[in-house]
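I have placed the structure first, in the form of structure tokens, so that the comments after it can refer back to it.
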């Protein structure tokens, strides 16, 4: 039997009690970002089974972030508008370009095509979470050493795809690598250099 | 003068770390306290007049702060394109804009607006518009007659004569012909004549970053953050659109997520947040442009429907070319793509005689703009397969026929008998053939392995390679660093960094001691070219070389004043100006900057050269007193036209059972003068080829002819190429011979690879299909299958648009 | 009323932890409620504002729907298992290869990570007129914008059309029909098991729906019987792009060979109709024949008999013919 | 209550696409109400009529044959073909709207073509024979009808007048369904252009949306009338008191008893020789109607 590995057991056991405590402590944070969004007022049926709270805790880049999230809010919007993590780009908002790719539980995911409520308690990693201070992540280093992207609007998404794919397949062939990052569009079409960077990234990851 | 040690090196761009760590700020990444968000009401009709608008419910919607209508924005005579309109000329044209506390509120408010339209006649297909009684895209007419819009209708007999799959060819608006006796005489000399209906489609640019903009007003100045290809020129354009002096516009565009010609001087819609912000008392207003909106007003490549006839002597020499093109210019400005296509054709084939006829038709489809390789990128893939057909008829090698007709340094071409500054096209063709192993590979042409047939093709492409006469601006500050101010855009070509090297090289500076200043007019930028049309590398290596030389002279003069001796007894290098022969005597840049500040006058920027542009003057004046300042205009000679050349070779495997193909090998060689940044050049060239191949294969748009409404608003439907659509490796080389009129030797490279890529792919597919038909885009699997199954017939029609 | 096709409007979100609660929520909220699986189809409708909902019921928190279980008589795949997991699962790869290949060819890696097998089979049809929110038959109107003398219908149906000419774009659905899978549907009253071949509806039967699933019913898992385990499988998808594209036509087949001839076969073609088309006549015709070029040719011709091409999709006839031939050959030519 | 269905076309303009299905439910409810009303009336309120005795029959219609021809084979065939077509049309047209899904379109248009052919044939036939008078609802019919209604209102003792071969209700029913039928047939034939048939490929753009909307409304209204009318028709066909009519439509004849019981021999004379009896113009019309069989 294989169980989907997107949510670890620990993530699932994230309790409601710790969550509420977190929200109370984070009140200031919540209110300071609230001006960006009108509340949608539909707080009815809060008692219904399966209903969701507005104030939730996200685990982003290893930190717990409390945030006020609308029901229909996508992860890309929360990251960019509420948490200031603008490295995650919105290129199409329809899952057609990959610019918003982040890792959710280590898996490359279009942040525009996922509600923030769906990642409650799961580990989210964005482009901002890769480097350790000034020390680039091995994948970023590979991209840097190969001279990187052109306009680079797609770069954060591509890099997240590379990181996610290499975690799953650390020694890909060049064809596998291309397939692994084929969910990202580079409109500059700098694919040969991107692929070269990705292969170098695989090497870097193996030697880390 | 120091030896060149930066030009030709792979130097990682300074801004790369920001790009790959998410710290780079694109227009939408700015956030400000109290920021409002905009949604646009777009026209649902392709052509209409707004009869009434009722905003009351929307204005009463909580959170709505301001609504901007067409009556409050600059409106001018056609073809001026307003940012908001009451007579929308294409589906998706912005009618009004709502600013609210967040996007959802703004969007909900749009739905509360009651608006009534009166539908007007509309045209989607240029050929339909040219029919007797066909619809006109505007109330003034359907085609450009010079700068004016008038009516062009052809007689029914023209259409009857063409038949269902032929090109109707009525009287055109523009026509030229060159060569002795004209094409008639040329064809009379020909041994082989080929003619073909040719077609290139329209498609949205789709840069990954849409044309988002954010604005606010402070102390009478407009602050605008947007996504543009050029900073200095866009600042001026925005100011013009708003009718205000450019000095009052603080223009910020540090990073641009792609433009491909769609954001050359910014966008007409960029002033919407500025005007909304004004209405909202200066509050910051963000207008995030969505993919839907980008499809509507984000610009597109003009499509062409046409016909060509070529005559060749037995030795392969082209004696005549008769080219006829109808251009779909969309709903506003006249594009020059068909003319450029003809110019490029006259250069890559240097026909002895040539006639060109064109008519530019307005349609109620999104406005067109230059798209990477405008004209050339359509002309090359339409014409190259026809040349291949002639070669087959002549029994001639397809590389050879291009060699026979291709230009050389001595070539005079086209109707202007134009001269080239440099041309290493023969070298490029030879080098490419060698790398690709043309003779061996082309022998594999038509080989069949099961359902897969090998096709081999090459395409030869050209484009303007640069302008001249722009300004450079340098500051040496007391920190000893050389600050190179750049007013070009940062759209991913790395030109903003790479052309700066020219100045550093002249001064023999270590790159680590240089800072490139770019991306915000508040940093005082010089008058620079647009980053478009492959001109930047040429234009700004020249301008930076010129200003480097000016700085060199100022340093010599300063040293001679400070340390005695004649200026010419001083040299500059390694961050110092020093006496030739006794390097110990001299000034460091830091000292020079201090002395310049003290001395003032021409050293500190207080006195500036007369010939520099007003913008450069303003910038230098603002910087005056901060160090040693040099401003200069590029006055190097530029007595002929500068063109770059690209040859791309491709091998494909076409599966004749599915219509799909696999690109096996691609080799590209460019003549773009001296190489400035090898890795970046290869990336530009290969990526241009891939864009071209993507355009030739899948990247498209579709507009329903009955409703005039766009159906490909999603990237999933517009189908730009993915990483899997080509091979994993591309081969590239540059001829790397200098253009003699640029002191740095460089020419531009942005445009020509696109036509080379699409042309090579079409030629290779046509080759695999036994030469059936290839002058048609997008050559998607359905068309390949149709051509294969129906012996050259495109089931959807050779001239049918939006398929 | 002015139109805007961006920014997802507000709705209630529910994340129940068992199927029964999900069904109750769906029933309570009536037609305004929608199931959220992977969301890859849902977001388009909501973000384009072409479908409005009042409540979204997220099945992501229900344990069990994300499991793959090997059972005595085959394998059972939870409806919420992501496509990438299906494509990589060793049992699926080894025994039901056609499904693994199909799942591995869906859209893009991220979509395969987020999109579920249940969502992939339940996704709405592809027709850019319908998906633009135009009031066509499928949207409750009385017109088909894709089947007129001017329509842009390169991607549309050649078979089984009835007023609506949209196609089923699913890659996994043909594979599941080929494998004779059973769709397990939980309703208020209990659990139903439906043959995959009967699960999908054409527009003649119901122009508003693509499956027999009714509002308030939940596809919980897909059972694949051992019947075709280890058979000779074939899957191929023809699309404009090699990543991230819907099929122009796809084919999935399972063929059991005995002594050099075809003992039994199931051949299913996608993207030619609003549901995956199982080619029973072809299956009957090739049974007992050798899997050679002659049989393939007969099968190919038989497969496209009765095809009615529209203005721009005539190429689908030879394409479907050729793909069926390849399915019988078991390989590309 | 919305009476019409409207949608926003691709340009955001509101366009009519047909009647509201509420009207369909209303027709069903109205039909059902009538049936229940009638059933209650017939079962509990109306005086029980006793059939005439053999002697009465003999006396009233001495010449009547054992089988009095009421419908020729052609008439019966065309009635049942018509019935099949209309029922098919209603089932295929209405049942899917009520939520039971099945492939209905092809059956619907084929049945529609049958109905259309019948309508054309019938119209041509009737016009050719120039015997429109037999179905004319004249002053006498109205008077007769009024009397019968009065009799129903005062159910005791009043003698209910009998009709000729075609009762006024029959005529009214015929005209109502004819009008509805013409509406659905005419609009339906045009609507066939919107779908692929063996005759043409779909072209909904042949007429403007607004025109289509009106056509759909007429089609819908016709259908709704049909729904109510056919419900009532079938009810009567199955009703014990009217079953003799149904039998006559199956067998073609009625018994002398039913003839005497339900008809006015003056208005519809019959004889074993079946010779027309000359007399008043109405008689002539009736006779010609008879001949028509």
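In order of appearance the chains are A, B, C and D, and numbering begins at 1 in each one.
Note that a contact is a pair of C-beta atoms (placed from the backbone, for glycine too) under 8 Å apart; a residue touches a chain by one contact, two chains touch by 3 or more.
Not measured: the values here are computed from a predicted model.
Which chains make contact with chain A and with chain C at once?
Chains in contact with chain A as well as chain C: B.
Between chain A and chain D, what is the separation of their C-alpha centroids in Å?
Result: the chain centres lie 69 Å from each other.
Just give me the whole-number Å value for how far the CA centre of chain B lies from that of chain C.
41
Rounded to the nearest whole Å, what is the centre-to-centre distance of chain B and chain D, using the mean of the C-alpha atoms as each centre?
Each chain reduced to its C-alpha mean, chain B and chain D end up 73 Å apart.
Express in whole angstrom the distance between the two chain centres, defined as the mean CA positions of chain A and chain B.
33
Please set out, as single numbers or ranges, the residues of chain A touching at least two other chains.
40, 70, 93-94, 96, 179, 181-182, 184-185
Check each residue of chain B and list the ones that touch at least two other chains.
Chain B, residues with two or more chain partners: 44, 104, 290, 704, 706-707, 709, 714, 716, 721-724.
Residues touching two or more other chains, restricted to chain D: which are they?
Counting only residues that touch two or more other chains, chain D contributes 10, 12, 205.
Touching pairs of chains, all of them, please.
A-B, A-C, B-C, B-D, C-D
Which residues of chain C touch chain A in their complex?
For this pair, the touching residues of chain C are 6, 8-17, 21-22, 24-25, 36, 39-40, 43-44, 46-47, 56-58, 60-61, 66-70, 78, 80-82, 85, 89, 91, 107-111, 113-114, 242-244.
Which part of chain A faces chain C closely enough to touch in the complex?
So the residues of chain A touching chain C come out as 1-6, 40, 42, 44-45, 48-52, 70-72, 74, 93-96, 98, 101, 107-110, 112-115, 117-118, 161, 165, 179-185.
Applying the document's contact rule, which stretches of chain D touch chain C when the two form their complex?
Residues in contact with chain C: 7-10, 12, 17-18, 101-106, 194-196, 201-205, 212, 216.
Looking at the complex, which residues from chain B come into contact with chain D?
Those residues of chain B that touch chain D are 44-45, 117, 119, 704, 706-707, 709.
Going by the contact rule at the top, pick out the chain A residues touching chain B in the complex.
That would be residues 35-38, 40, 70, 80-81, 84-94, 96-97, 99, 126-128, 130-131, 136, 140, 143-156, 159, 174-175, 178-179, 181-182, 184-195 of chain A.
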